[in-house]
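Here the chain labels run A, B and C in written order, and each chain numbers its own residues starting at 1.
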Amino acid sequence: MSEKKNHPKNDNPLDFLSGESNRRSFIKGLSFAAAAGSAALTAGCIPSADAATTEEMKLRWQEFFKEHYRLMTQEEKDGTVARLERLAKLQKGLDVQMSSQSPLEGVLYGYAFNITRCEGFMECVTACVEENNLDRKTNTQYIRIFEMEPGQLDPGTGDGQYYHEVPVDNKFYMGTQCFHCEKAPCIKACPTKATWREPDGIVVVDYDWCIGCRYCQAACPYYGRRFNWGQAEIPKDEITTRQHYLGNRLRPKGKMEKCTFCIQRTRKGRLPACVEACPTGARVFGNLLDPDSEIRYVLKHKKVFRMKEELGTDPKFWYFID
Amino acid sequence: MRALHEKNLRTFFVDVIRWNLRGGIGLQLFRLVLLGFMGLGVYAYSHQARYGLSVTGMNDIVSWGFYISNFTFLVGVAAAAVMLILPAYVFHDPDFHRVVIIGEGVAVGALVMCLTFIMADLGGPLQAWHLIPGIGLFNFPSSILAWDVLVLNGYLLLNGLVPAYILYSHYKGRHADEKKYRPFVFLSIFWAFTIHMVTAFLYQGLPARPFWNNPLMGPRFLASAFAAGPALITLILAVIHSSTTYKIDRSVFNKLRLIIVISAIINLIMLFSEIFKEFYFPTHHSSSAVYLFFGMDGHNSLVPWIWTSVCVNLLATLVLAFNPGKNNPKVLLPACFFLFVAIWMEKGIGLIVPGLIPSPLGEVVDYLPTWVELGVTLGILALGITVVTWLIRAALIIEQDYSGL
Amino acid sequence: MVKTLLVGHVMTRICKFISMIALFFAFFVAHADASQKSFLDEIKGADATFDNRSVPVTKQVTEESVLAKEPYQGGSFRVLARKKMIGRYKCSSCHTEKPTTVNRGLELTHGDVYLTHGRGEQALSCIDCHRDEERDYLEDKKGRKIDFDHSYQLCGQCHFRQKRDWLGGAHGKRAENWAGDRVIFNCTTCHNPHSPRFEKRFPATYSVPLD
């Protein structure tokens, strides 16, 4: 503080470059060098574009600046789908067919899970992992199956990590996944509207719009969301190539993902992979707005309940007992 | 110091930079150490940028960890500048008027740290432009995070521009027109309460997390902020008083001590209220508190953490309240330091991590930050301290010069 | 005079701020009652028939199916055929009036069929289901002839609750699609009629601990 009184009136801040070396200027120089080094490091830590072609760079540039999916016109949606298909071919040598199909009219998907029929085989889990291109390295699973003791319906009392012969006598099995709530807390929480409820009831994520803040994951009461903590690794021959933009396409790291009721299948009239895979027929899926559908039959004739009903989230996933 | 007629905006910036690159050997070494830590932070972040957040200790259950814990705590420190502004402008206390600029410098530094912590925690930081209203899609007013983005940046502007105006006027040897900035000062008083309530609402508004979903979060955040923030400011003022020629009157410290004691006692009362609610008749909703205070299913890594924090908090509050030694700084300054650390422990890791454990489906895991998280945190802390040092140094030089005129 | 002006200025600013807060509170309170309503009311009111054929189904059911003899709530539906799945149908190729000699006698005389259907007193025997005179058909307890493709009519005589659920959709499975023509699995697609209980097995996978 005292040295300011000794400064000559027309002191030039760049004097140190031409002046003689002394302790102060040495330290100054060192700190500049350290700052420059840090700047270089920062530049280096931006994900490298190792040997990318100009076409790939151009596609990535366009993808980076694109709009939110909901605000796109159909041509823009087709455009981004085409770019993503081309990028998959360039970067991974994959031939994917990506769809940007809109929701079907007059359809609201509902799901029912029969906890008497589930025997804990977990075929649904494997089918989901394969169909939705989930990360094999971290064993990401949208579906969790719990081995429960009769008497309590809270999965907290169950065992989600069993691996023995099933079914065990006197235990029942209960599965959870994203319940696609009508009043989803995750949709309310997202600061960029990267997750929303489609008109056919599916709660989707625009992976390219998500900023990875994980607020939705904190808001979900059912452990329905998964985050891509690292880059997903899937063996090339196991990748499902029939994809949907909002569904099972390959996700970048740092983005949120979740069950989408297999949007790439259900919008084409097919059953989700879990429903199709279940060997005991414990899973029921259909259109809630169709009074003759199986799901409506279940809701009408069976004792159904939903998980954590008191939270008011209005999920479209019911459990029932035969 | 250059002549009065030579000063303009360009010279203002040049002079600020010049003042902050000069100084005694102690100060230069301090700056070098901070720069080193920032370099470490950059290196650690480069790992995270390359491999993703998997290099941190976070996972799908504990999806928020060390970064968000520090963010939460530092928003409180930023809000606490209001505890200097309030006496200075509402009660017209002349001693506080002298130190207000330091409080605002600390607020700006804390806010810079908060925003950097958020950026470091994002999985897709390059997509952060999606948050800008108008260019991206902003979920206002539904998302509390959107509110938080707005109020934090607004507070940064308020606490940055008002002192900047005052300092620039003093730099030019002019009297700063109080009529011009007084409304903004009052706005910043309300805004300080707002930023911390909104940050509390981030957690309070989640019915999925019963540990957080209680009405006391907002007031509790305010109480702990107004205890920890002024404690930090006390320490900084003590450092300034002892190492520079800018002298601060004893009465400032005495009044700050009162503010800290009242806030710390309110904080402890609220803590007791929460503990009563969780443990008088424990329900499934209390499982997070059980995990925190007693451990669960063999996972008890946070138990010593929280008990240390609560005990140190209690002790420091008692010392500050009963004031043995009659305002002896050798007693009060360590008490302030320990109170600050205890509140950091309880409001940071002791709040965020237990809120997420057990998972919504009842699974219990432990959380430990990795070297990447610690490195980035140290880097951001060093950045904050650097910002605070730069601002305070420039402010004190200008103020001393101005009062000498 | 200046002081009162200043105070007035500050007061207007404070009032503006408080009114802003009050407005936002009103917004939140107005939405509070929304938590009492549910979309289930909308569903219960949705009685218009949905034309399943309007959905452009891309993957058709490739397995053979037959038109079911009973309707469900949505009209007629199809059931996966069974006869093609049975290795040695038609049964009458061996089971004729005259005695027959066969090679691989033990295997071909159904020695490989392990019959555990029913427990204790209610254990079933072969002729409880199979039609004695016409081995190509099944027979229920009222003596009615039942085709192998329509075995649900037989199973449903005892397991009437499951049959009712199966017709409605709460039991069993759809083949491939939730839309389009309803094609569902028949009883024997999942259950081996001779030992219908699902066998114990290891799960297909497991969940990893997250620490």
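General remarks:
Please note the rule applied: contacts are C-beta pairs under 8 Å (C-beta built on N, C-alpha and C of every residue); 3 or more make two chains touch, one makes a residue touch a chain.
Just so we're clear, the structure is a prediction, and the values are computed from it rather than from any experiment.
Put simply, the chain nearest the middle, going by average C-alpha positions, is A. Comparing mean CA positions across the assembly, the chain most remote from chain C is B. Separation between the centroids of chain A and chain C, computed from CA atoms only, is 28 Å. Averaged C-alpha coordinates put the centre of chain B at 56 Å from the centre of chain C.
Rounded to whole angstrom, the centroid-to-centroid distance between chain A and chain B, based on C-alpha atoms, equals 32 Å.
Each of residues 59-61, 363 in chain B touches at least two other chains.
Multi-chain contact residues of chain A (touching two or more other chains) are listed as 138, 144, 160, 312. Multi-chain contact residues of chain C (touching two or more other chains) are listed as 209. By the touch criterion stated above, chain A contacts chain B in their complex at residues 1-4, 7, 9-11, 13, 23-24, 27-28, 30-31, 34-35, 37-38, 41-42, 44-47, 64, 68, 71, 138, 144, 146, 154-158, 160, 176, 185, 188-194, 208-215, 217-223, 225-231, 252-256, 311-312. Listing the residues of chain B that touch chain A in their complex gives 1-3, 14, 17-19, 21-25, 28-29, 31-32, 35-36, 38-39, 42-43, 45-47, 49-54, 56, 58-61, 63-64, 118, 121-128, 130-131, 136-139, 142-146, 149, 202-203, 206-209, 244-245, 284, 287, 355-356, 358-363, 397.
Within the complex formed with chain A, the chain C residues making contact are 34-35, 38-40, 43, 46-50, 52, 54-59, 72-75, 161, 165, 168-174, 176-180, 185, 190, 198, 200-209. Residues 104-108, 110, 112, 114, 117, 119-123, 125-126, 129, 138-139, 141, 144-145, 160-167, 182-183, 266, 268-271, 275-276, 278-281, 284-299, 301-302, 312, 314, 320, 322 of chain A are the ones touching chain C in the complex.
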